[in-house]
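These are the structures in question, set out in turn.
Look for subunit A in each of the two complexes below; its partner is subunit B in the first and subunit C in the second.
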Partner chain A sequence: MIATRSSAGRAGLLLAAALAVPLALAALLLPLDPFAMDLGQAWAGPSAAHPLGCDGLGRDVAARLIAGTGTSAAIAGLALTLAVGLGVASGGVAGWIGGRTDAVVLRLADLLHGFPELSLAIAAAALLGPGTEAMVLTLALAAWPSQVRWCRALALSNRTAEHVRASAALGAGPLHTVRRHLLPAVAGPVAIRAALSIGPVMVAEATLSGLGLGIQEPAVSLGTLIRDGLADLRDAPHLIAATTITVAAVALAVNLLAEGLREGLDPRWAPFRRP
Partner chain B sequence: MPLTAAIRLLLTVLSIATGVAGPAFTAMAGTLRASLSDDLTTIDPFAFPGLVSSGVLRQVYEGFTAIDAAGNAVPALATRWETPDGGRTWRFTLRPDVRFHSGRPFTAADVLWTWEHHLTRKPQPGYSAFYLRGVEGAAALQQGTAASLAGVEIPAPHTLVVRLTEPDALFPLYPFLFVDRGMEAEFGPAWHERASGGTGPFRLASWRRGESVRLEAHADYWGGAPTVDAVSLAVLPDTNTLLARYDAGELDVAPLPDNAVRTVVRQPRYDGQIAAFARAQVRYLALNQDLYPPFRDRRVREAVGLALDRAATVNGLHAGRAALTNGFVTPGLGGYQPDAVPLPPFDPDRAKALLAEAGYPGGRGLPPLQIAGGPNVREEATYFAAQLTAMLGIPVGVRIQERAAFVAAINEGREALFINGWTADFPDPMDQLATQWHSASPTNRIRWHNSDFDRLMERARGLADPAVRNTLYRDAEALLRNQAVALPLPAPQFVALVRPGVTGVVIRPDGTTDYHAARLP
Partner chain C sequence: MTGRRLDRCGSSRRLAWRLARRLPALLLLTGAAVLVSFLASHALPGDPVMLMVDGRAADPEMIRRLREDAGLDQPLAVQFLSYALAVLRGDLGQSLRYGGVPVTALLTEALPVTLGLMAGAAALALPLGLTLGLAAADVRRAWPGTALTIGSVLALSTPPLALATWLMLAGSGTPPWAMAALALPAAAMIARLTRTQVMEVLGRDFIRTARAKGLGRVALLLRHALPNALVPLAAAAGSVAGTILTATAAVESVFALPGVGRLTVQAVLARDHTVAGAAVLVFVLMQIAISLTAELLIGLADPRLHDDGLRDDAEAP
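Here is the complex of A and B:
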């Protein structure tokens, strides 16, 4: 596995396993339902039946953490897939064609880049309204400007590469060049950048849902868990503690894995790799 | 040190270290320190105030009557009100010994000036113009075809005669706030930003937007000067900050937001410091029959009611600080009658049977459904959505919106199922019934129309005897129940933390925290 060739990647994998294994065991061994309510168990502390306690509606926090992590990861994955797809398409085309198309795409990206990503996401969430689908679109929109600039830069640098010019000189058409030369050249860097973005995107989802702009009940995500935990911060701190630790750990694990991927793919790191 | 105690200490230290605790909250001799759940929207007594502003302005300005702790109308600036003709003409005898904060005496001319100003205010009429629409000549004054309000006579400085176009038994109860007519001449049109123009127990000394409000005692108050010299009100919308301030000894009184009550009540450290008061607020789960066609079938509406365990939420979500009612008039309002008809039981099996009878066995054929509400009902909506999901057999979602967005959505009739509430502006069940369910009311958010109900309300408005009016109100409530128009939800109390030794603080059913009789240790 490329990502585990470096110490950062191995640390990330270890951390991911440390997170996933207990959660998976809890999901397998305990009959926990993230949506089952028992008002008599409201704010119950950790116990054998409820390893991380219960929230204000008597719902099991561990079960909700497992479900919430899954939801947040799925949202982040979908949002980034969308952002990367649009980024490659628009940035790649802009960088490859150049001229007026490039200027228009770049100005639009610059305009959106002028806003902090979170502010952009808040504005988009307010416009699109709450909900899971809206959240995916919001996060994709917020992530698009950086993706488009990155893809455009890659396309620009590859457009004038010797092997590309040689291919054109031999009579290859634009589609062939893009398929055979451009896409393979940008795939690695784009994947690394996308992987590095997963953590921040999950944090953005948590922030937006924490502000009430994200997904709605009964769906559960890390963001809704933070929002609910904040309300009881003083007297039931265990509610938010488990969630914030999870958010931080997931973001760290993903970033370490992405760093490992970058080191694994970047030829400049080759001399430092173990044989 | 236990984790919770350590976090509490950290929060307290942080709130002090961030310097938010400004000079306004420094303890002073005779200054009572309390909080507001939100900033004021206005200090103009002619503008629509909203609940928080209204609670402050009613300490500064007064009307003919006030609402007492039991929800009954009691004399304020009028000592007597009589009608010789069943509510078409009203003769008010005003309290003779009243002085405004300016020192000027309060007379009937101030009442007339206040009313005329409401009706002629530009660009929008004052909010009391709604209550004055029945006064003879009000329309002409508003349209500019008359120079004064023809339906009002002042036979003596402290006597006022009002003629209405139709009988209105409730006219003396309306929440007027009378203003010193000399203020505008002395300070200009924006006088309310520079001076306090009421007769209430406190004068408005300052308003620091988003931070604090300061009220100072009115030494010449007709009911006796307040015991405290001043009341400092900190704007603290965040519950964690509110409790940190209270725990740090920076607040003497902390009215609690609804969603904080049960977290506070269960903390032993607050034992003996929790005060609860009746609230004139009706709450209900509304079913919009126009927007969600299955609700047109009474059996479906009834099934929704049977599927919800409302009794469990009294302790489970309100920590016992709420009254379970099966009506649409609540405790905290004179005229509240404990229900003769018991609350329907929580009976999901019967609900399923009714649903099947209506043609939706197991929920098949029902369109998607969501419970909408403001942020303060998130837990309640989630709880009820889970119960409806189990009964209807389709996933029932929750749509929580920022308060203003939610109100806009229900005003525009965009929500099929939503939790809403209404706090009475004046102490009569009419304000909880007609405002929500009369077909002509702008706040009838589900656009329900029933001519029998409308007739009951219109007849009640003309009956001066409260006991007779209450009979009609009971009939109206029975009609609402029988039609399953909406489901009454537990009516919560106002709950506040009050520091030991502080006495006399009362939250009136309309939400006004009354500091007139407050005493510091």
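Here is the complex of A and C:
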């Protein structure tokens, strides 16, 4: 497997397994509902029935963490799919065609890059109302500029590559050249870049939703769980401890796996790779 | 002596020119930020006047008059024009939550807190990040690089809210701990960037020449490798600044510091749209300010700026 070629990738796999196995066991053995309330168990500490304890409404923290991780991963995936799709389309076209199109797309990416995530989140929350749509839009817009620059650079360097010029010289149309020669050459680096973005996007979601600017109750995400934990900081510090440690561990596993993927696939890392 | 002075003069002019070239793009960005901040504060599903009367049974005539006073009966384009003109005059409107308090007053009260926090964090993060990055660029031993990779991935995987909470619980709720919470991820980013760039510079020919001259390792790193490695870092300053600004809101919220980040978050939650809209603009301006400052400081260290001067000195009989 590619990820096991580097120590970062191996560490990421180990950490992911260390997180997934107990959580999967808990989900299988104790069919827990992230929304079921039991006020008698409010702020209960860890027990056999509730391995990570309960929150202020007596909801199982472990179940909420599983559900929240799922939501956050789905949101990060959706936002990145949007950003990468738009990035490949606009950046690829800009780099391939060049000229004025290129200048306009680059200027647009620079402009958007000038907005910090926080500004985008505030604007999206004000315009769409705080919630899932605003969050996905914010994260996609924040991730788009770097994807555009990356795809543009790839398209630009491939446009003048010998096999591409040979294809054109043999009489292939531009569509054929793009499909047969550009897209396969670009797919790998784009995938690596997207994988490296998953962790930061999940951290951004946790931060913005944690501040109340993103996902809203009753939906659960890693961010809303941090928000709940902060609200109950005095009554039940084990809540914020369990939540923040899980969030950091999930992001760490994702980041390490992506790093492993990069080191395993990127030819520039080849000299550093162990035999 | 004359050559030196000429060199200083030429390099500062070149630096000013370099910054001035970015001006059109920055003006465009500011304009876009004003537009977005207008949209965020005006083109809303909710009605600010209804928020002002706060659900109390107000008579329709009064609501109509309030609307007229606020210019809400005008077309959006007209509203935007008057908003942009007001922003140019330094008027960002009035807070909807704190009835009648100018947004600029709220911001001038909150800005020093945020700037102090960020200055403290920068004072911690810059030396820490540069030192760690340089130490980890040592190719003779593998462990500093590995340690830095692990540490920085760890620091960047921890959401700022979580890091701030840990530091507050482990340490105390005092401002130095808030600065540390902000500085750690920043130092991690700076260290990673520095390491990559320094490693690349160390592979170039002039480094081999300097080493062949018998230059010591520390002098080589500080005099030759670091200034050249810093140049590409200026381009990254903007995205580092963006991450730090978002983290500032998190740190201020956890440590209950009355800064711009906390003010903004509370404004969004309380639907204080004028403050939230103004904050969109303020954060863009702060990011511009941070990246320009970084560019200026790094520009001063850029060896290419002083290139001609050195050649003058060398050619002088």
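In this text, the second predicted complex is superposed on the first by the 259 of 275 C-alpha atoms of A that agree within 3 Å, B and C clash if a C-alpha of one lies under 4 Å from a C-alpha of the other, contacts with A are read in each partner's own complex, and residues count from 1 in each chain.
The rule is simple: contacts are C-beta pairs under 8 Å (C-beta built on N, C-alpha and C of every residue); 3 or more make two chains touch, one makes a residue touch a chain.
Please read these numbers as outputs of a predicted model, since none were measured by experiment.
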Practice task
Determine, under the contact definition given at the top, whether A:Ala42 touches first (subunit B), second (subunit C), both, or neither.
Solution key: first
Practice task
Could you figure out whether subunit B or subunit C reaches more residues of subunit A?
Solution key: C
Exercise for the section: Would you sort A:Glu162 into first (subunit B), second (subunit C), both or neither based on which partner it touches? Expected result: neither
Handout entry: Which superposed partner A:Pro130 touches (first subunit B, second subunit C, both, neither)
Key = both
Practice task
Mind working out whether A:Ala231 is in touch with subunit B, subunit C, both or neither, as first, second, both or neither?
Solution key: first
Exercise for the section: Check subunit A for residues that touch subunit B in one structure and subunit C in the other, and list them. Expected result: 130, 212, 230, 233, 237
Handout entry: Complex interface listing, subunit C residues touching subunit A
Key = 25, 28-29, 32-33, 36-37, 39-41, 43-45, 146, 149, 153-154, 156-162, 165-166, 169, 238-239, 241-243, 245-247, 249-250, 253-254, 261, 264-265, 268-269, 273, 276-277, 279-281, 283-284, 286-288
Fill in the blank from the handout: Listed in rising order, subunit B residues that touch subunit A in their complex are 3-4, 7-8, 11, 239-240, 243-244, 259, 262-263, 266-267, 312-313, 315-317, 375, 378-379, 381-383, 385-386, 389, 395, 397-402
Problem - Contacting residues of subunit A [partner subunit C, same complex] - result: 7-8, 107, 110-111, 113-119, 121-123, 125-127, 129-130, 146, 199-200, 203-204, 206-208, 210-213, 222-223, 226, 229-230, 233, 237, 240, 243-245, 247-248, 251-252, 254-256, 259
Exercise for the section: Using the touch definition up top, name the residues of subunit A that touch subunit B in the complex. Expected result: 35, 37, 39-40, 42-43, 56-57, 130, 212, 216-218, 230-238
